[in-house]
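Below you'll find the structure I mean.
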Amino acid sequence: MSPVLSIHDLTITFGGLDALSKLNFHVDEGEIVGVIGPNGAGKTTFFNAITNLVPPTSGDIRFAGESIVGLDPYHVTELGVARTFQNVRLFPNMTILENVMVAQHCRTHQHAFGALLQTKAFRREEREIRERAIEVLSFFGTRLIGYRLDQPAFVLSYANRRRLEIARAMATQPRVLLLDEPVAGMNPKESAELTALIGRLRSEWGFTIVMIEHDMGVVRDVSDRVVVLDHGETIAQGSFDEVSNDPHVIEAYLGRPVEGAS
Amino acid sequence: MSDTAPPKDLFDQDWRRIVRLGAITGLSLIFVALIGMLVQLDTRLIIRRYLSLGYLTIIWIPVVAGYLVSKEVVLEGVTPNRKGPSDVLAGALTGLVGGAGLSLLVVLIDNFDIRDPLINWSPQLLDQLTFAKGIGFGVVIWLVIGAGLGLFGSLSHVVPPLASRAVNTALFTIVSVSILETAITDLLQGFGLSFVTDVVYAKRGALTLTSALVLGAVVMAITVAASGRGRELRVRYDALDAPRRKTANLGLWAAGVMVLLVLPLFLGKIMNELLANVGLFVLLALGLNIVVGLAGILDLGYVAFFAVGGYTTAVLTSPNSPWISPQLPFVVVIFVVIIAAAFVGLAVGAPVIRMRGDYLAIVTLGFGEIVRLLFLSDWLSPYFGGAQGITNIPPVDLGFAEVKGSDPRSVFYLVLFFCAIAIYVSWRLQSSRLGRAWMAIREDEKVAEAMGINTVTAKLAAFVVGAILASFSGAVFAAKVGSIFPSSFLILVSIIILVVVIVGGMGNIIGVIVGAVVLIGVLGGPKQPGLLQELGTYKLLIYGALLVFMMLKRPEGLIPSARRSHELHQEEFLQDAWLRGEVDHDAEAGEGDAAT
Amino acid sequence: MTAVRVGSARRVSWVDRFLTGLRIVLIALIAAGLVAFVAQQISVDNPFARWRNPDATGLTGDQLKGLVVTGIAQGSMYGLIALGYSMVYGVLGFINFAHGEVFMLGAMSGFVASNKLSANGYWESNFFGSFVIVVVIAILVSTAAAVIMERVAYRPLRDSPRLIPLITSIGVSFFIQNAVLGLLGPNSHSYPQLPEWLAKSRSILTFEIPGTKVMVMVVAALSMAVLWWVVERTKTGKAMRAVAEDKEIAALMGINVDRTIVLTFAIGGAMAGIGGILWGLSFRSVTHLTGFLPGIKAFTAAVVGGVGNLGGAMAGGVSLGAAESLGPQLILEPLGVSGVSQLRDAVAFTALVVVLLFKPSGLFGERLSEDDRT
Amino acid sequence: MKPSRRLLMLMSILAAFTLIAAACGNDNSSTSSSSLDSSLGLVTVKSGEDIQIRSLEAITGDVAFLGIPNERATTMAIADYGQIKGHSVSMGTGLDDLCSADGGQAAAQTIVADENVVGVIGTSCSGAATAAAPLVSEAGMVMISGSNTSPALTSDLKGNAGANWVPGYYRTAHNDLFQGKAAATFAYDKLGVRKAAAIHDGDPYTEGLATAFKDAFEKLGGTITTFVAVNKGDTDMVPVLTEVASGSPDLIFFPIFEPEGDFIVQQVGGVAGLEKVTLMAADGLLNDNFLAIPETAGMYFSGPDTRYGDNTNQATGKNANEFLVAYKDAYGEVPSAPFWAHSYDATTLLLEAIKNSSSDDNGTLTISRAGVRSYLYGVKNFSGLIGTLSCDQFGDCGSQKITVIQNTDPTDIAASKANVVFEFAPS
């Protein structure tokens, strides 16, 4: 089976510093891969490179066999890669429902004229967008549903903001979902709950998931495979148990103080 | 509300605060006097023989200072003191210090002549400050007036809130009724009620003391009687279920539309002219609202599209057009205008759309100037008439009616038609795929792009829609004035529309409309007189001050959007529910988090 | 992160095509104009010279030199104002639209001071002493204005989205402009005459340069040098650079961020004050509108040079001054545009667009903190 | 509120005139209301009411220096004229034309809304008149301007109506074409100049005048080497002067305003090729502030003949010197632009017209709008402050007398203003 997302010799340089150097990586369809590494290892840059928010200096990124280097970020999303952000970046003044509705932009087609003339096609699509948004939000139980739909996102609690961000990414109907520290800032009960949800994201929604996470418990629970980054390079990969006993990894983590969630 | 500490001792004052605020008050008073407002606005009376607009521009300052001095910053964990005599004393003292500023000015003007740089350092100012009763009187009277006004301002902390609200409403109404004299007279005349205005305004010349007092008393009575009714209505409205609320909204809208359609029939030329001018700015503001308010693109060259609409209409309809003069009917021209505006919108938008927001602002400002300079230039004067503009633009022939400048009512109806289009377009787009994309871009452009939105095309679409709405305004403007000159398209126009949008509330259709009506109607546009046309040169000063004030104190605009008030309501609900232990404990998680 | 995208597989949208086309057209126009101009200079009768403009006359060498000198002098003043824009932008990341008014206040207070001195005869009897007094007053006034502005209007908005302080500064600009109009009246105010020895033209390197312009260039260069020394070599400068890079970390390092920001405004204000005096002395008339257009031009200059980059601001100012004084004659006139001087501002703004089309971060590159770049 | 002293003074003047009028007791109401032409409507002024006219001038903004003296002159003319057949004349609050078409239109709307208004004195700016005059004309009123000069508002002087001409529009200011012709004739005939350049500032007035000069100069056989504009707000004039210099003209005509005019005279000496050029400006720069600039020594200025001196307005009996004294008394300064005299004459023309086309019926005055117009079109050899006024069929009533002065000595402005080197009156 060919990998859905593969990365070859990816290098990204910021002002002379290599944020990523010659990184190789792949994800197979339906896999859940955890990416770990100490702070500053280049994990978020790695996500930024995949979604093309940061241009690679050299190397290649292939999605379903085709190179996506140099595409606009929206185009990458359109192909089927969605992400969340480490420091939650919602659209705070839009309602919860709108946050999820807007994420379906690249899956829908109605233009201004449809809206102005209120065509049948437009109204049907609006209805579908709405239904789909509610469906996605319902995935998180009652937390984002009901009276909350019409509230602006900024009134949400931190945990719910994380949930909403995942919901927003789900709404783009991706094949690969990139989660950047999904349980950061959550209490143990909440993160256990979310861990279970991540498993269901694969089993029920069929997403392939790449997840950056500091919480080793979560990584252990859901990852099929773990990739360890340090100084922009892959220093180990394999199952959680393999990786956690790898001397390189231990050195990388003990060499500097390990920090928890931000 | 109940847990307040007992009032402070009478002399337990925050002296530094009093002196600081007093000094600011004094400086503000001196400033207002020296920029000449006191003298120049003295001809516009608010209450005949007792109060002119000139004096009004200074007396509100100590009142506000008196109010502010004992308005504490509410700190968590500190129980505020109950308000009492010490607060009133603080207010009076602040006012006194402020008034001393004017006393000082009286002495200074009397002894030094620096009329050379300061043009308002004049005997008239001195006369006016001393009420022509001598220097000594002038010095003392301002101390007294200052203290009195400061005291009055601070009283609102002490008296029952209802009383203070009644007084404030009464004062506000008196001033508004006086400012709106032209409008009210005109309206009542339309209904054949001239005798009312003859009494109230004593045959056109500001309120009399009697009418002001009666008006104040009536308003106070109504305020007290109606106390709580407004809230009740609001609560009842919020309690409605969705379909009923929809019906209620529809009813409100229908009523509004009816009023707008019928009202002009009862108004005279002056008011219709004013309404037509206001309408042109509503149209511009609605267009800019899409660009700035929805999509978050700060376009400072917005006037360019207004100009394009105007000049396209002029060239295509006027027999005097220097270049081609097809003299097409307006109904045809409007489609050409749409195409021209869209084209210019794309041409201007494409190079700037990828720039950072603030670079974009300055570059669009440059484009606005380039467009004006091209229309003005001798180089293109064989096409657009240069400095001499294009004249003899014919009235709009609609077949069943003719819209021309000498009949402002017809112009108003035409503007209303275009405003309706603009409102419809804004409203429909706001809740569409494109509108959501705009809002996402406004909130966070990078994330919007990562969520699959092609930001370049979405922003260009906003640019083009805004451009088309502005060009409608330009087209009607050209037909209304009957001639068009480059001097109507200064940067100033862009800025004033921006102020209107900001004051009304970005992204809020109703707010923007109200903002335009209040600002353009009362203060006037860049070249259009408002109801307070005496303000003349101070208009821009006020616009500038208003813009700063709004940004600092009320960035969401005058009229909070429906969504916001709704959301406040919901927050209350959330709080209550949380107290009752019915909601999950998200709130706690949120509080402890610093990273947000 | 806005800038470069390596684009091998990138889809080329119509916007890109349009922009490429625009770049080509602009370059072609500029090149054609210049070629025709050079042809005119060689001989007005050759076909290139007559190509678009049959009445072409060309310029004499002295006229060309005069344009260069005036462009550089004008540009130096833009540069002085641009320094303030650039520093504030570098540190706070927003355009202080009202900076042009700070400049105007400098020019205006210089007028008041010099006129009072002239009325007492001191200006004529001791020019140098008066000059120092006038400069000090102008610097004090504009520095104070800049600092008060920061305190009242911008500090409360420090953490809001970047368009909010920009809009506020537009309001501040209008307020100051019209306050000065109210206080001092709409007439133009004239500086007293400069002494003959200063005003007379001097011949430098075959360039005939009016004394005022020599003064402008010398003072601008000196101020620039002092400023460079302050920013690059002193502790204050280091603090400013640190705050520009990252406010939070700078605060953690024990730098008083508020004070550093005030200082940035103060230095920018002082530079604008000096610019204002130079403006007043070389053009002699000032009005309440004196600051508006030069302010916008100066920001344009800062962007052209690369925002946050002090050398860039000065260089941008000089380039913009040169572009708007030479551009109409060297490019538009040979292309057969009539009345080119009227289009000078249009040329300046077009120059901005051209620079941003080719180098989105200005001629000499931006120096901005990490989050300003995103 | 203290009563305005100004108003008090005017009231007393008015009262004085009332007394004089009453003492003379000369009732000349010869026409009866039935004989009035009512085709444009009649205005009835009941006993004890005022006759309504309006002033519409640019009283704020850049052009206030022009509009404010105009408005004041109208006020003073009304006071000097006194009552008409027992009725006082009221001007109301002075309206502002904002020197723009849109501003003029809005103000005109206010005027025509009041059906008692007979006529308007104004506007200050031609652009404002373009939009205001049609409204005023349509309402049957008349409009007389003291300072509009655009040919488009009246005629091209060859019998063709201008593009914006409407019936009921008159002016006492000269037509630009005259001034352009005067300046060109002076340059070509008197100075012997064959190559000239013209600079305007994008204002319709300066552009129109510069164009008129250009056309007249070329018609005389001269060459216009450069016709170019500066922008309002420009300070560095070297580029524009270099553009002018490239055509090596002998004279530059720049009919613009301050401060751009200041920059031109101050910088022209430093531009290669213009060291010896002759400078000529127009009435926009003909003020004390500009004349005092040392570099203006030797410069020429064209403008309306401002040697009003002993010219007496036949309707009020006042001469210009008396007016200036009264003006200084009332406002504490001298007028900042010369068109006050034109506005004064315009006002008296309007009042004369009202007097001659109205009938008195036991204290009720009936004014014929058509009568006012036909009276004004018929004005011949009316003696005013600016000289002799006669109206043509397109409403040009001015004396059309243009003079050119030379500034001999920037330190003695009065002498310079009196130093007329050329007079031009249409044949």
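So that you can tell them apart, the chains are marked A, B, C and D in the order they are listed, and the count of residues begins at 1 in each.
We adopt the following convention: a residue touches a chain if its C-beta (ideal position, glycine included) is under 8 Å from a C-beta of that chain, and two chains touch if they have at least 3 such contacts.
What you see is a predicted model; the values in this text were computed from it and never measured.
Asks: Among the chains, which has its CA centre at the largest distance from chain C's?
Replies: Of all the other chains, the one whose centre lies farthest from chain C is A.
Asks: Per the definition at the top, count C-beta pairs in contact and tell me whether C-D or A-B has more.
Replies: A-B
Asks: Need the CA-centroid distance for the pair chain A / chain B, whole Å please.
Replies: 44
Asks: Between chain C and chain D, what is the gap in Å from one C-alpha centre to the other?
Replies: Inter-chain centre distance comes to 41 Å.
Asks: Distance-wise, how many Å sit between the C-alpha centres of chain B and chain D, to the nearest whole number?
Replies: Chain centres of chain B and chain D, defined by C-alpha means, are spaced 37 Å apart.
Asks: Would you pick out the residues of chain D that each touch at least 2 other chains?
Replies: 61, 202, 227-229, 231
Asks: Quick one: which residues in chain C touch 2 or more of the other chains?
Replies: 1, 186, 338-340, 342, 345
Asks: Touching at least two other chains at once: which residues of chain A meet that condition?
Replies: Residue numbers touching two or more other chains: 53, 72, 75.
Asks: Report the residues of chain B in contact with chain D in the complex, numbered from low to high.
Replies: Residues 42-43, 45, 49-52, 127-128, 131-132, 268-270, 273-274, 277, 320, 373, 376-378, 386-389, 391-392, 405-406, 408, 477, 480-488, 527-529, 533, 536-537.
Asks: Show me the residue ranges of chain A that touch chain B in the complex, using the header's touch definition.
Replies: On the chain A side, the touching residues are 51, 53, 72-75, 77-78, 82-83, 85, 87-95, 98, 101-103, 105-108, 110-112, 114-116, 118, 122, 125-126, 129, 143, 147, 150-152, 155-161, 168-169, 172, 185-187, 190, 262.
Asks: Sort out for me which residues of chain D touch chain B in the complex.
Replies: The contact residues of chain D facing chain B are 1-2, 4, 59-61, 93, 96, 98, 100-103, 105-107, 109-110, 112-113, 127, 130-131, 134-135, 138-139, 150, 152, 163-164, 200, 202-204, 206-208, 227-229, 231.
Asks: Under the stated contact criterion, what part of chain B meets chain A in this complex?
Replies: Against chain A, chain B makes touches at 424-425, 428-429, 431-437, 439-440, 442-444, 446-455, 461, 465, 563, 566-567, 570-571, 573-574, 584, 586-590, 593, 595-596.
Asks: Taking the complex as given, what residues does chain B use to touch chain C?
Replies: 31, 34-37, 116-120, 296, 298, 300, 350-359, 361-363, 365-367, 369-370, 373-374, 376-379, 446, 456-457, 460, 495, 498-499, 502, 537-538, 540-541, 543-548, 551-552, 555
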